[in-house]
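The following pair of complexes shares a single chain, subunit A, combined with subunit B in the former and subunit C in the latter.
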Partner chain A sequence: MLVTWRYKPRKSLIQSFDPRAWIIFFACYIACTVLFWDLRYLLVLFAMAMVVVFTSGIRFSEMRRAWLFIGGFVVFFSFLTFLTGRGGIELYTEEHLITRWEAGFTLLGWRPTLTVTAEKTMYAVSMLVRVFSLASMTILIPYSLNPAHYGIIFKGLGLPDKVAYGMDLTMRFIPSFGRDFMLTRDAQRARGYELEKLSGGLVAQVRKLAPLIVPVTIHAIVSSEDIIDAMDLRAFGVGPRTWLEELHYRTRDRLLIGFGVVMLLTSIALSLFGMGKFWVPQFLLQLAAAG
Partner chain B sequence: MALPPPVRIENLSFRYRSRTDFAIHNINLTVDEPQIVLIAGASGCGKTTLARCINGLIPRSYKGELSGKIYLQGQDIAGLPLARISQLVGTVLQDPERQILGSIVMNEVAFGLENLGLSRDEIRRRVDEALERLKIAHLRDRQTHYLSGGEKQKVALAGVLAMKPSILLLDEPLASLDPASAQEALEVIRGLADEGMTVLMVEHRVEDVLRVRPERVLFMKEGEIQYDGDPQHLVERVDYREVKLPAPMIMELAIKDPPPPPLNILPGVNGGSVPLVEFKDVVFGYESGPEVLHGINLQIRRGDVIAVLGPNGAGKTTLVKHAIGLLKPKRGQVLINGRDTHQLSVAEIASTLGYVFQSPSHMLFAPTVYDELAFGPTNLKHPEEEIRKEVSQAIEIVNLQGYEKTPPLSMSFGQQKRVSIAAILAMRSRILVMDEPTAGQDYKNYMNFMNSILGMPGFEAILFITHDLDMAVIYANRVLLVNDGQVVADGKPAEVLSDLERLRQCRLLPTSLLETNLQYYPRTQQFFRAEALTHVLASGN
Partner chain C sequence: MDRKLTSVIVSLVAVLVFFLLIVWIGGMINPDLQLDETGVLRFAFVGIGLLIVFIVYLLTRQSQIWEVGTREVVYMAIGAALYAVLSFLFNGTVFAVPSVSQVALRPAVAIPMFFGFAFGPSVGFFTGAVGNMFGDALTGFGLSPQWSVGNGLIGMVAGMALLFKDRQKGVNTVLVVSFILALLATLVFFLNRNVPNMMFFDPEAGIFGDATISWFAGLSAIVGFLLVVGIRFTAVFNKNPEVTAAVAWSLLGNFIGIGFAAISDIWINGYPPAVAIVGEFLPAAGPNSIFAAILVPLLVAAYSSVQRQTGR
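Right after this comes the complex of A and B.
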């Protein structure tokens, strides 16, 4: 059986709009964010995301896990990019060295070296802000959409009945998968299995994950077959379907969609004029020159 | 012109693609008028296969060789798509978890009606009607996954009833219900039949169904109908060891057989009272949810065989999950052999306390039954020679000899459940805890493995959660009644189960076995299973 995300009705900016309008705005927001690398532009978008987060009415304790997971992931990879200097090369051709640090030892003849350049630093910061803005807006969605509306949202966005219901099921698949994983982990722990004590090489470790991976995977397959049977047993797909829930656009929803579209068109226009590209502030370049 | 019979089946046979023998063979059945038809039989008798043929899942979802004809309301269903058949016959599956699709009760019940393209007003009206009828209107706006097992089953039934099928097919609908909910569901079903619905009910809890006076009973064995007639004459043709009959009926039959061997419960334990597990003022609630357990005080002592009874959603599973440390109390303490579970890992507790989960599908992973069973003892670092012995004994207890090399994932649900029990038995923990060990099992199998488990040397205490009052009557030496997150009674079965008013408050209904035992208790001073009681009474006279 599918479970849902932890939605509850809240007095919040995000929930004051029709969910379809919000999804359209969200899509525009994502498109805008990926168009820019200029930190100044990105900070405007980041500020918008923060307004939505802080007016969402969702307590941090409710979202803690999602934030720790995604936040940890984003920070880790931004830092890794900074250390290795990988990525960003397509954005800049020239680098201005700020400082260079060499380890006092060598590893098999290789001396670990960290070069801090103005471009690398800005790339890491821009990347962090960009991904964080996207993540912030995305995390809120499952907490803010009424699960009873999943199907009708997609139907209302123009998808056919079957695809819309499929999307409804897909939205609920992720938390269900999480629940199954926890149940399996508990059942195996009760058999003396300790995930924390995995040892051996990579292959051996993956093999030792079988007690978790196999039941969860099989369960997912079996449940999807059950879902298909259950749908068939209740006449799914015999003809055009009525959607019990109804959604109606109000003026504020139309305004939100309008705002999203204008924002996107403006962003496209700006980027066509070559604006919003990777930007390195003057003071960093001066710092590099001084160094 | 006369109306066609609701159900007509002619020479129906089916063989699953992966099997060599036929699951059902040459079935002929005509149901002429609306009535309740009970289809009973042990697992593997073909009753579920017959149900799947009628609702069209065979051959559409389950492939194999099918011959014969099925007519529903005069229509040959062979060429019809499943969605069309579902308008003729509404199916409620054994496990509501596998049937519920909607995230909110309202949407779940409306699902079929939405698919039929009815108007919104009509859908709302029918949803409300179905919810009222099952007395669950208060659940209308609740999220389905927060419901208890019994509530889920009623919601699943409401979703089917709302579609107003002329035939209702129920596949073991009582399996996850507490006795009072089961009785309520049965009464609703009786009402539907009286109003003109044909009800086909597959169930091995014959005793419960007989209470709502089915007009007709089919008893199936080895893929064929062995008995087809009224309930009164069933007793002449049916094996009382295979389906659960009312106690007086069993007594009448069993007196002709030799008495069953006496139960040898916890043979390794002499004398008890040492506390193995102790709950001290345990309070618990899930994350931001309301409190589920309110100050539980409890000791599990050496020699205890405890049946935990209570309504759906009373907190029984939450309570026992504390015993293995999967849940830790918010306030208070749980001590295992004097040590606080806050300081122990689940794996450490597992060597003392074996816990059998309700659902086997969350734990089976190994390529063979042998490997599956060896997993626990290997984790607990038992010597290899020892593991071999433990595994083979566990296999014997759950009656799965010959399946050692079979992949557990390819087995039937009932067999998987037995593998999951054996997997814990093989660990040789000193305390065994089982959550609904008999759910999804047929009567004969669960009576056999309960006998074997209770008679296994090595356990110092056993605790099981059950909805089946008779399990407590037959096997327990102590009964815990849990209601609304509290232990409302704790004592010897004869003490706890004789308070019928309190049982009713906990949504338990006295069974014929309990009533018979209570009737003779002044003479017997002990509870017996029906087969044994009849001989005890006979020898006393």
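Right after this comes the complex of A and C.
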């Protein structure tokens, strides 16, 4: 049995476009975000993502779990980035100290120290905005693409029939295999298997993962025979494929694609001129100089 | 078919030329352009990776192994979906993934290796590349498309096993090549002991990809290689050449795929070569080869007993 993503038709900005146009725009959006570290540029992209999220017509209760997971993940990692400053060293060379906090105790001769510098703070904030924009655009995709359109979307983007159909099946299988994995885990737990309490050396621990991975994989392969038979009976791959549904670009879709491409080209040009690099606002530097 | 293939290669070359032109023009208008800060290059490396795949295909396309029928399309989708789900579950955010001496348990990589070996290089490539892409999307990241291509290469190389008529000879060649690669990487590790292990995150211990690489992580490529050699000799003993071929080719695929991604990071992220090899390649490829040596044989054995039962 297949589990599906939670798509339903909604009156929303994202669903008013042709899904192919939206995927092209989404790809341009991701590429733009990758190019920038400057918070000011990232905030523009973030605002775009928020407009799309708030006009998506998906109720918060429907996607609460996804948001909690990604929100928690992003905030947690940005906070750690703030504490350690890791990753930032590739972007800035000198740091301006704002404040320094030393713990009033020592742990085994180690005194916990937190140095807050202008660069570290800005790096954590930029990272937060950057990853959060990407994640919020990505969350919306499964809620707003009609599963019946997956194949024709990838075909329409220029992929060959077989690859397009493969991508279609991949997207359909992901939620089902997630469920299968959880079922297998629960079944093994009922027999006393505990993923959380793996013990032994590395080799022993890896071997203990087999009761999860092998059944899920082999079950997936064995149960695929039905799908293969069904596709063969419908003469899959014999000639050029026709698709049940058709998609047609309208003016607004062409405009969206045009907008995405122009946005990407502008971003590339800006980044080649050295714009959009890591940025620290003046007031933080002044704060650092004063402190 | 030939015209299609040429058009694919021509368009890939066109993409590459486009990015090289950008770099060239960009260098003329902005003399202090530092490419690793712009992120443009990662798209160029995706083009290079795909070009490698198509050239390998072009050279070996006489062989049956590249054929894609209904069965392969479905296996591609299954492999990619499984890889996406498992790499999402084991990336440390859903479960607390246990780790031993800086090596976190990320067993998902066995999936593209097994699918590549069992169902051919096209299935392997699709499984690795598309699976990694969707896996990243599930987590909300999607910033490193060159790693998707690298993962695809793992599956593709694992599937090249079927090219050799003489299994034993193929395995021996692969083992020699893998040994040289593992040895070179480990040598770089010995010359650069103080590089951080950028693949290891343990928030509870405050380690965020900045701990100095441990001895075990540094030597893991050699450990994995020795495990594979061990399997080769015990399997010859047990008369099971299938398992030997699977792990040997998976090992090589892993070195080549991760190597591609790590080496491209020299230009993309501006890492010094030693950091790319010791900080990225070893801690990713080394543990992967250990997982391959243990999990791939189990999958191959389970699948062959299924084949015997169903007669397919």
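Quick note on the criterion: the second predicted complex is superposed on the first by the 237 of 291 C-alpha atoms of A that agree within 3 Å, B and C clash if a C-alpha of one lies under 4 Å from a C-alpha of the other, contacts with A are read in each partner's own complex, and residues count from 1 in each chain.
Everything below uses one rule, namely that contacts are C-beta pairs under 8 Å (C-beta built on N, C-alpha and C of every residue); 3 or more make two chains touch, one makes a residue touch a chain.
Computed from a prediction, not measured in an experiment: that's the story for all the values here.
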Looking at A:D186, would you say it contacts subunit B, subunit C, both, or neither? Reply first, second, both or neither. first
Which of subunit B and subunit C A:F273 touches, first, second, both or neither: second
Of the partners subunit B and subunit C, which touch A:F236 in the superposed model: first, second, both, neither? both
Counting touched residues of subunit A, say whether subunit B or subunit C comes out ahead. C
Tell me which partner A:I30 touches in the superposition: subunit B (first), subunit C (second), both or neither. second
Which subunit A residues contact subunit B in one complex and subunit C in the other? 169, 172, 210, 213-214, 218, 222, 225, 227-228, 231-232, 236-237
If you look only at subunit A, which of its residues touch subunit C in the complex? 30-31, 34-35, 37, 69-70, 73-74, 76, 80-81, 83-84, 86-87, 90-91, 131, 134-135, 138-139, 141, 162-163, 165-174, 176-178, 181, 195-196, 198, 201-203, 205-207, 209-210, 213-214, 216-218, 220-222, 224-225, 227-228, 231-232, 236-237, 268, 271-274, 277
Going by the contact rule set out above, which residues of subunit C touch subunit A in the complex? 22, 25-26, 29-30, 32-33, 37-40, 42-43, 68-71, 73-78, 80-82, 84-86, 89, 93, 95-96, 98, 100-101, 103, 105, 107, 110-111, 114, 126, 130-131, 134, 137-143, 203, 206, 208-210, 227, 269-270, 290-291, 294-295, 298-299, 302-303, 306, 310, 312
Residues of subunit A that touch subunit B when the two form their complex: 1-4, 61-62, 147-148, 150, 169, 172, 180, 183-184, 186-194, 210-215, 218-219, 222-223, 225-246
Contact set on subunit B toward subunit A in their complex: 55-57, 60-61, 81-84, 86-87, 90-91, 93, 96-104, 106-107, 110-120, 123-124, 143-145, 152, 159-160, 163, 288, 321, 324, 326, 345-347, 350-351, 354-355, 357, 359, 361-366, 375-376, 379-380, 409, 423-424, 427
